[in-house]
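Take a look at the structure set out below.
Every chain is named by a letter (A, B, C and D) in the order it is written, and numbering of its residues begins at 1.
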Amino acid sequence: MSVRVQSEDFDIGREIAAVMTGNTDIGAVVTFTGVVRGAAGDAAITSMTLEHYPGMTESELEQVEAEAHKRWPLHATRIVHRVGMLMPGDNIVLVVAASAHRHAAFEAAAFLMDYLKTRAPFWKKETDLSGTGHWVDARESDDEALEKWKK
Amino acid sequence: MSVRVQSEDFDIGREIAAVMTGNTDIGAVVTFTGVVRGAAGDAAITSMTLEHYPGMTESELEQVEAEAHKRWPLHATRIVHRVGMLMPGDNIVLVVAASAHRHAAFEAAAFLMDYLKTRAPFWKKETDLSGTGHWVDARESDDEALEKWKK
Amino acid sequence: MTITLRYFAWIRERIGRSEETLDVPAEVATVADLVGWLTAKGPEYAAAFERAHVIRAAIDHTHVQRDARLAGAREVAFFPPVTGG
Amino acid sequence: MTITLRYFAWIRERIGRSEETLDVPAEVATVADLVGWLTAKGPEYAAAFERAHVIRAAIDHTHVQRDARLAGAREVAFFPPVTGG
């Protein structure tokens, strides 16, 4: 249950509470929330549709999560990614990393996001004011971000 | 209102919502929550008391926050620190950093915590099972963490 | 060799379907061979694979390179670079 | 020179008060001078400042070093290294 793909919104407070339950040695919790922005460059965005590859998505997210637990002393992690149609301001993704100390939690959350952005099979299509849809191009900076985690 | 010292608990979801309000260009929100751990080394902790220096605390936190806004393109930040008596599992501190992109949000949140840990005048006293109180020693690793942000 | 093919994002839109099961000739041994064979199947495939170098592939839910062999594959997916998060 | 002194954490506990306003002689010019002058005032101050090298100081809410001058200071605070967060 630590990796989920869903169309419904998530509640960050509830996800953190679930991570804390039964863990008395957590001292640091880092969350990352990705949100639909109201504009792409100069163009206003009216909606965004997220497509994914059921089965492969969960498998990739679980691998990414397992890799984070190998690298850092984490008490718990959680990844929730939404799919379907979203509006500006809507949540897209939540990553939670909990550890005894803050640097492990920060690094693991950043790592999970960098891996997720380059490996998990999600694709975003933005619709602008004219009703035209555009598939979002992958950013080279995301591939570069991943490079720094290579061992 | 982006820096607060209080004895009451905070609600992470509400703090994030306040940060998002009126900002349509936020794409990434990172939160750090510090929590009272149930043990210090081998000794169980029954409570923790946080003392601070009213006036100087707010001034330091505002300076730290202003420095983060100088370094990264942030849409909003928020720092909430609790004082008084806390129990294991209780929240101690919340830092929120919101930006268009994730790396600025991650770095700013980590920076705010590293600075806060070494400059903001808070002191923790832990009480163990025998009722004895111990002032927590500053960790050298916190000073080292700060070094990496020096320009 | 019977393989289920899955297409995502603009590749799906250009081909006009998200999934199909095809009998692939034995001489189509690698992912690169499969891209070539599909491209020759019709204009919609040619349009989908015209920027073949940017397209990513997965065999049975695992990212693979172009030289990956198809032997034993049940499902092959083609998709653009991912843009989640 | 009249200065309000504030003590925190174990320094406060050893001195037995959190705040006091004292008339400080003119020859006490720096924070280091003030630490020396207080240490000589009584055993509770001597106990508080015995590990003087770890103690931090602030003048009017700003962190300062030991050689900072007291001229114009309204409030001087002494405290251990901070442990918040």
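One rule holds for everything that comes next: a residue touches a chain if its C-beta (ideal position, glycine included) is under 8 Å from a C-beta of that chain, and two chains touch if they have at least 3 such contacts.
Just so you know, these numbers come straight off a predicted model, no measurement behind them.
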Shortest path length from chain B to chain C (each step joins two touching chains): 2
Distance from chain D to chain C - Cα centre to Cα centre, in angstrom: 73
Rounded Å distance, chain A centre to chain C centre (Cα mean): 26
Centroid spacing, where centroids are CA-atom means, of chain A and chain B in whole angstrom: 23
Shared interface positions of chain A, touching two or more other chains: 34, 102, 113
Residues of chain C whose C-beta touches two or more other chains: 85
Chains that touch, pairwise: A-B, A-C, B-D
In the complex, chain B residues that touch chain A: 11-13, 16, 20, 24-39, 88-89, 100, 102-103, 105-106, 109-110, 113, 145
Complex interface listing, chain A residues touching chain C: 34, 50-53, 55-56, 59-60, 81, 92-93, 113, 116-125, 135-139
Complex contacts: residues of chain D adjacent to chain B: 6, 8-10, 58, 61-63, 77, 79-85
